[in-house]
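Order of writing sets the labels: A, B and C. Residues in every chain begin at 1.
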Amino acid sequence: MFQFPKWMNGLKSALAVGLLAGPAYAVVVVLYGFSPQATDVGYQPVQPIPYSHALHVGKLGIDCRYCHTSVEDAAHAAVPPTQTCMNCHSQIQGRDDRQQANIKRIIDSHTTGKPVHWVRVHDAADFVYFNHAAHVNRGVGCVSCHGRVDQMEVVYQQEHLSMQWCLDCHRNPGPHLRPPEFVTKMDWVPDRDPARLATDLAEQYQIKPSTDCSTCHR
Amino acid sequence: MSASTVTKKSAATAGPATAPHSLVAEFASADALVRACEQVRNAGYTRWDAHSPYPVHGIDRAIGIRATRLPVLIFLCGATGTTIGILLQWWTNAVNAGVEFPWVPTFLQGYNFIISGKPYWSFPANIPVIFELTILLSAFGAFFGMLALNGLPQHYNPLLRVDRFRRVTDDRFFISIAMDDPKYGSATRRLLEGAGAAAVEVADDVKESAPPRWFLRAHVILACFLLIPLAVIAYMRVDKQTQPRIHIVQDMDNQERYTAGKQMANPVFADGRSARPKVAGTLAREDFTQDPHYFQGRIGDQWAVGIPMYHPELQKLAGGAAEVNEQLMRRGRDRYAIFCSHCHGLDGAGVGRVATYTTEREIGFVPPKSYVDPDVLVRPVGHLFNTITNGIRTMAPHGDQIPVADRWAIVAYVKALQRAQTATLEDVPTDERSRMTQPK
Amino acid sequence: MASIVHDRDNTLERPGQRAPLVTGGHDLHGVTEVVCRVAESRTAPAAWYLTMGVSAALLAALGAMIGYLFFEGVGVWGLNNPVGWGFDITNFVFWVGIGHAGTLISAILYLFRQKWRTGINRFAEAMTIFAVMCAGLFPGIHIGRVWLAFYLFPLPNQMAMWPNFRSPLLWDVFAVGTYFTVSLLFWYMGLIPDLATLRDRAKSKLSAFLYGLFSMGWTGSARHWHRYERAYLILAALSTPLVLSVHSVVSFDFATSVLPGWHTTIFPPYFVAGAIFSGFAMVVMLAIPCRALFGLKDLITLRHLDNMNKVILATGLMVGYAYTTEFFVAWYSGSAWELFAFKARAMGPWWWSYWIMFSCNVFVPQIFWFRWARTNIPVMLVVSMLVNVGMWFERFVIIVTSLSTDFLPSAWDTYWPTWVEAWTMAGSFGLFFFMFGLFCKFLPMVAISEVKAVLPHDAHAPAAGGHGH
């Protein structure tokens, strides 16, 4: 007659622990592993030409809008055409071989008319409507969504761009507001009580973000 | 450690060591069982039980089993279900938690959005789910509560080592009395036989109780494997990857459509450019215009000397005014900072950060002229406008980057910079002069 | 096996004397033998192998159809703009309805102390579980993007979204989910003592291990039985309102909408009656071959079948009453849309499906007014099959006719299923019969311990009283 070993009775508590720990483990794996923090954040594509935002924005102080000209007027912040690069690089052609080789590719693009295939880093899903102008003109700084681009040698995605992340700000926009003239200032800090400033700005610019479905899914 | 291993091994080869555990008495009918139970109970035994293939009527009284607390447990579970049902629906559908409870993490915040014009919180619509959760948790309470109170699962039981006892699930009835019962003694067997037992046997208990090594090892190894996903996740959360997220299913994330704003490669043209250059032999609207003053900074073949404030676009920047005012100047300063300052410097002296950087490193870059250079000072506004639009010498054209009205605002601001830097005390209004000469 | 094939007529009741629930004069051991020999036999009847072969093939077809659906999307079905629900939801409602008989037998008849339930409750409950599995399949796959099915549950996610609890479709998720879980617990709890019986009789180590594992060390302890019976009673009391709520909630999917033909308060009781009707028909349809093939005629007696046929007759009348009332209300409401919807049902493009429904569900069961029909195996087999056909068409008629001809004539469209839908439906029967076949062969088909408790007293305890006296 088959008998179960006596130690099996002792597994009862182990079974109870397993029944609780198993779902907890699954929750941790799904919550942290499937989170956009794990899957999306940190996307840092290799660009066709190693353009450094850290140099051009951080060191040279070129404003974001010098290149991304449409950001205040349009839904999309345009990636500049080769012509914008040529504004300076028709003269500045690099000091060493590596720089010269890279800049030559810009010049080649300009002479041949073949565009540079810059790789899009921040790509919201196509079923989402996002308008840069609506945010930038009412004082949501570039840094809130794109991080310290002025310190990025190669630009990467720093924020989730998930729905939860959007809602976070739409429900509580205060911490991300600043006077609109400082939207491109990467290292801006409020000069007075942040909570008061946020209230005042929300009042001044009528900031009452909607969380209706059709705000973003239209 | 090693000593215990040896004993265990030797025990395994010799068969498990056993010790008497309880006395098992067999009865032929439920009736006999009930009568015997009454006798055992009356004899004052406490650690004993009756076993039958089906629930025997009246045995609870014969043994003296008190009514179980299970119904209370089930009620508590059901009440929990009701509470969860109410709170869950209220929190997730009826509370704007992001505003009312901003300290709650966003992914746990309630979201009260309107669907079909239904109210956020209307009790009738919430009853079904409350009801189902009440039933569900009550059922869990009934099933798992029954198991827990019964001490099940208990796969090993010394009674099951008695072959005769196996008929308890078929057609025989048993009483088992544990030998650690305080009343247990030599009289116990006689009591059972006297109560009509068909047979009385001793059930042995094995002593060995540690799980085998392979069992433990397998679980340790499994647990180690479970750490791998966690390590991968931890790495994924901090690393940078050159490839975009894997879209296992597309879910319309990337739709097959042409989005101009996304500046996708345009398959219609061989070179793929989505921003098209002018077609040869054509003119843009601002090239061919009735208004050369506004669009080109010219009046006839002369550079315009005035800002074309009659133009509505420019008036828009000036807040509706038809003259250069502070608002237009602010706009000009703003745009100047964006488009000009990194080369020309914020003061227009020609030592912006690009100029400084390139000069320091001796990269062939011709720094721009200062705005107070005598050549520049005399240039009319139309000429400055044309310079921004079409460039001059080594300065590239910026007409494509800056809208026309903004260019005029910049021109106005540049003129102000020149004026400010060539100003004398006489330029300051008389009532302000005293402030400027005051010692600090 | 051949020794216990009596068809004793135990359907007549004389005042003062209860007809036996178990025929063949079995004692406790006899009951054990009858039930366990099916699971213990190394072979099975040829019909069982045939059923398993066919249903396994259909099950494979189901897998293929679902795989094809996932890969291609719901476009492979014949659904269109007005008719967004077709075979999928028809089958869902059909299978959920089938399930109801099991719970009715196991819970409601238990509360009413109907001892004859012990012969059929086990496999009726098994039928419930497999039917609800088939039912749950259809809403699960009809959403098109199955990987998003977790939206149905209140799980925290990166969208910070929650289900809309105000929607009847979500009530459905909770109702059917709870129903499945509670039915499974109820069924498994009933199985524990019987699995212990199989464990204690096991010849091979594997079966001793498996039956032992799932019987959890049951020893028939009186203290255990005490809590077990209390838990069983409370589960029955919980299941009773639950089973009534499930098909009510399913009917809300329709009744809370504004579509003519759906928007009616009669739906909840009408759906519950129909569910019990179809469920009992399915139990009869399954019981007839099972008792013959596996030698269970002494435990599932003619009396059981007779009783179930009476239930079929009664619920059939209720369903017929509902059909008639619907027409009356459509006329009496004065709503042109409503009246049109019902005229379209009976005389529109789907008149044939309406009349299949009406004849199978209302006319055919009337034969059960006659005792000879209620105790005649071929008759009841045919009737139960026709009732199932009729009840399937009832759901089809409700769903498709209402959707295809709604308020706006310019939006009307017809519906015809594709081969994928047809094979998916056939496959769901494959799933059902495959699971049921496995159950029949490897688990005790009759609740051994419950039958023992209702055996005539002289078979086990001459002087002790039975239950419920």
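The rule we apply is simple: contacts are C-beta pairs under 8 Å (C-beta built on N, C-alpha and C of every residue); 3 or more make two chains touch, one makes a residue touch a chain.
Remember, predicted model here, so these are calculated numbers, not experimental data.
K.L.:
How would one label the connectivity among the chains shown: line, ring, star, complete, or other?
P.N.:
Drawn as a graph, the chains make a fully connected set, so complete.
K.L.:
Starting from the Cα centroid of chain A, hunt down the chain whose centroid lies farthest away.
P.N.:
C
K.L.:
Need the CA-centroid distance for the pair chain A / chain C, whole Å please.
P.N.:
Chain centres of chain A and chain C, defined by C-alpha means, are spaced 53 Å apart.
K.L.:
Please tell me the distance, in whole Å, between the geometric centres of chain B and chain C computed from their C-alpha atoms.
P.N.:
40
K.L.:
Measuring from the mean C-alpha position of chain A to the mean C-alpha position of chain B, what distance in angstrom results?
P.N.:
Computed from C-alpha means, the inter-chain centre distance equals 16 Å.
K.L.:
Pull out every residue in chain A that's touching 2 or more other chains.
P.N.:
Counting only residues that touch two or more other chains, chain A contributes 1, 4, 9, 35, 164, 167-168.
K.L.:
Name the residues of chain B that each touch 2 or more other chains.
P.N.:
106-107, 109, 111, 153-156, 160, 166, 251
K.L.:
Among the residues of chain C, which ones contact at least 2 other chains?
P.N.:
156-158, 160-161, 212, 217
K.L.:
List the residues on chain C that touch chain A in their complex, please.
P.N.:
156-161, 202, 205, 208-209, 212, 217
K.L.:
Show which residues of chain A lie in contact with chain B when the two form their complex.
P.N.:
1, 3-12, 15, 25, 28-29, 32-33, 35, 37-46, 59-63, 65-66, 69, 74-76, 78-79, 81, 83-84, 86-88, 90-95, 113-115, 117, 120, 123, 125-127, 156, 164-165, 167-168, 170-172, 181, 184, 211-213
K.L.:
For chain A, which residues are in contact with chain C within the complex?
P.N.:
Per the stated touch rule, the residues are 1-2, 4, 9, 31, 34-36, 160, 162-164, 167-168.
K.L.:
Help me check something: in the complex, which residues belonging to chain C touch chain B?
P.N.:
27-29, 32, 145, 147-148, 154, 156-158, 160-168, 170-171, 174-175, 177-178, 181-182, 185-186, 188-189, 193, 196-197, 199-201, 212-213, 216-231, 234-235, 238-239, 241-242, 245, 249, 252, 448-450, 452-453, 460-467
K.L.:
In their complex, what parts of chain B are in touch with chain C?
P.N.:
Those in contact with chain C are residues 29-31, 34, 37, 49-60, 63, 65, 68, 70-71, 74, 88-89, 92-93, 106-111, 115-116, 118, 122, 125-126, 128-129, 131-133, 135-136, 138-140, 142-143, 145-147, 149-150, 152-157, 159-160, 165-171, 174, 248-249, 251.
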